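Each of the two complexes below includes chain A, the first together with chain B, the second together with chain C.
On to the complex of A and B.
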């Protein structure tokens, strides 16, 4: 069997090479973690992810049967309840995860994008939940939509995002906003895998001190100017 | 100038770790938790209110609201964008986003809520004559009739069958119109009439929801369920469920001055929350805020095992 040599002009080959370079398999799916990753606070990140999976799963079942199903059948109401409690768990675990990452200053070491994608996910998840509440077709939906409209209208958002229009809110809730949340979470997780879990404060200082001195090109003034050093994970 | 490699792997000790297994276990635990919470607490589903229900339970409130829609004194009638041009809406200083983005969901309360539904009632000549009389009367006379009728509704009584009885007075054709609208609403016909559009299928409930919100039924139910704004209602839902507790900060501003009494409270709170959200996203770049975790040693608790191991070596 002959093997076609990769062409430099191939978009596919270049995409693959860039992807593998950014996230080699052992970084994407590691079977080892730094020993400092040993606290209950780390559970809340994966718990948030797990909650999102349960939300999407229960939401998909509700979508299969349509928006009225859960009002008229016990099975439908059961899956609606699963969906509701998964949302509550999602926000609960995400808030603790975010607080934990704040007190770890998890944006250190070039990890600002990890924080930003996580924070934006929280902000986007709020309208994702709101559109769910106003799509319920019950009294909650009536009251929440007639109250929420005033805040949105006051800054012009109501001109193109009408919380009293069930059809528009349902589209946002089952497609547009979940897609945005999932895309952000995927980006967030890939960034975590690429940069690794942020190390403890003092350890990071030791690590920087252990690195070679800055290259004297002009004036390198801080540890941040130090040359690239690649540390391989011990076997 | 070289940059430090931000993606460099940790050079210290590693421990075995099964990422896929951890995720699988987490999904199992969260799914189980959701099932347990479902079995214990289920989820709320209070039936929605209808215009028919409102007109039967609160006929005087319904009629008073309908008169306000007819003479343009209701909340929706004077709302401004995105429903009509009868107001400018809220603003933040010279920034008038509500006004600038215009009317995208036009509602003419007199025609949409009263005249057009009544015109659709067949076989009632007296009613059609009353509508014509009202429409052809001078605006000042129309106001005289509706003002007098609104005042009389303040002392109205509810008759058998859900009718509204007011003291005799110079109300012109307004009582005939309002009795016709009340009968249409109580029959369930107004619910359908308010959803009528140019196409067969309809999913936009803006008109009936705003009409009901102008009346007292939704607010009465909301108050009983602790859903009003001054009851921190934005983060609540019916029953004793946790609701949208993540909106606590958004709700908080409405409870305190200067937002509480401001006519631009919604716009001010939205602006404030927009700024705070942006700051939250930009935490890594805000001096002081980004340094706080280094000075408050909560990290010592988080990484206590690690520090203990370090001290032991």
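On to the complex of A and C.
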């Protein structure tokens, strides 16, 4: 039986090879992490992911049932509250994770894109929340939208981003901005997998002192290249 | 949660008044937001100082 060699001209083969090169399975789903990952700061990152899952799930239910349901029925109130408090938790945990990573200078060792995707997620999540507050269909939404309108008009974006237009705000809230947030979060997690978690300052200084200068120009050495240390039972 | 239950929970805090606001020059923050900000700072400080469960054992076995 003859085997036909794979064609490198195929875009699917090229995409697959690039994806596997960038994120081999042992990096994508590792079974061990360096010991310095055992820190509360990463718990807040994971809590942010968990909150986002609850936000998307409860938001999907709210969008299916509509304002008459979430304002009038008991179950609607419950899901409305779940959605609100998941957002509160999302921002609470995300900002603590952000503070921690800022003071750890998490962009070190070629991790600029990891830091930028995380920080931009925070920035994009703000209008995602604002469009939710003004889409409630109640007096609170009216108050917030009229207050926000003045601010947005003053910076010149009111003409194409009208916070008093429920249809436009609802589209932004249930489609455009959640898509952007989810895409950024996925990119952030994949980049963390690719580059590894940033090592502490002291450990990085020790490693850099012990290692010879990098041979490849333009490629920074990082702890991601070091073999992971398994958690759990001593080996 | 029905209206009665939500009313009972709401009765723990008297919300039937305009929000309390702290105003200092151009900075204007509601007390509720200040409480959340303070809680975030406290939790952040605790996250830095509290030992992570099992971290010492992992460091001992990992190196």
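By definition in this document, the second predicted complex is superposed on the first by the 208 of 235 C-alpha atoms of A that agree within 3 Å, B and C clash if a C-alpha of one lies under 4 Å from a C-alpha of the other, contacts with A are read in each partner's own complex, and residues count from 1 in each chain.
Simple rule for what comes next: a contact is a pair of C-beta atoms (placed from the backbone, for glycine too) under 8 Å apart; a residue touches a chain by one contact, two chains touch by 3 or more.
These figures come from a predicted structure and were not determined experimentally.
Contacts of A:82 after superposition: chain B is touched, whereas chain C is not reached.
In the superposition on chain A, contact of A:38 is made with both chain B and chain C.
Using the contact criterion defined above for the overlaid structures, shared-chain residue A:9 touches neither chain B nor chain C, since it reaches no partner.
Of the two partner chains placed around the shared chain by superposition, chain B is the only one that A:51 touches, whereas chain C remains out of contact.
When the two structures are aligned on the shared chain, A:147 is found in touch with chain B, with no touch to chain C. After overlaying the two complexes on the shared chain, residue contacts for A:74 are found with chain C alone; chain B is out of touch. Shared-chain residue A:105: touches chain B; no touch with chain C.
For chain A, the partner that touches more of its residues is B, with chain B and chain C as the two candidates. Once the two complexes are laid over each other on the shared chain, residue contacts for A:95 go to chain B and to chain C alike. Overlap of the chain B and chain C interfaces on chain A comprises residues 34-35, 38-39, 41, 43, 77-78, 81, 88, 95, 100, 229-231, 233-234.
Residues 27, 29-39, 41, 43, 46-47, 49-51, 53-54, 58, 70-71, 77-78, 80-82, 84-86, 88-89, 91, 95, 100, 102-105, 107, 109-112, 115-116, 119-120, 122-123, 126, 129-130, 133, 136-148, 150-156, 158-160, 162, 164-168, 170, 194-196, 199-203, 207-208, 210-211, 214-215, 217-218, 220, 223-234 of chain A are the ones touching chain B in the complex. Interface residues of chain C, counted against chain A in their complex, comprise 1-3, 6, 36, 39-40, 43-44, 46-48, 50, 52, 54-55, 58-63.
For chain A in complex with chain C, the touching residues are 34-35, 38-41, 43-44, 74, 77-78, 81, 88, 92, 95-96, 99-100, 229-231, 233-235. By the touch criterion stated above, chain B contacts chain A in their complex at residues 1-20, 22-23, 26-27, 29-31, 33-35, 37-38, 41-49, 79, 81-82, 89-90, 97-98, 100-102, 104-105, 203-206, 209-210, 212-213, 218, 221-222, 227, 229, 233-234, 237-238, 241-242, 244-247, 264, 266-267, 269-271, 274, 277, 280-285, 290, 293-294, 296, 298-299, 302-307, 309-310.
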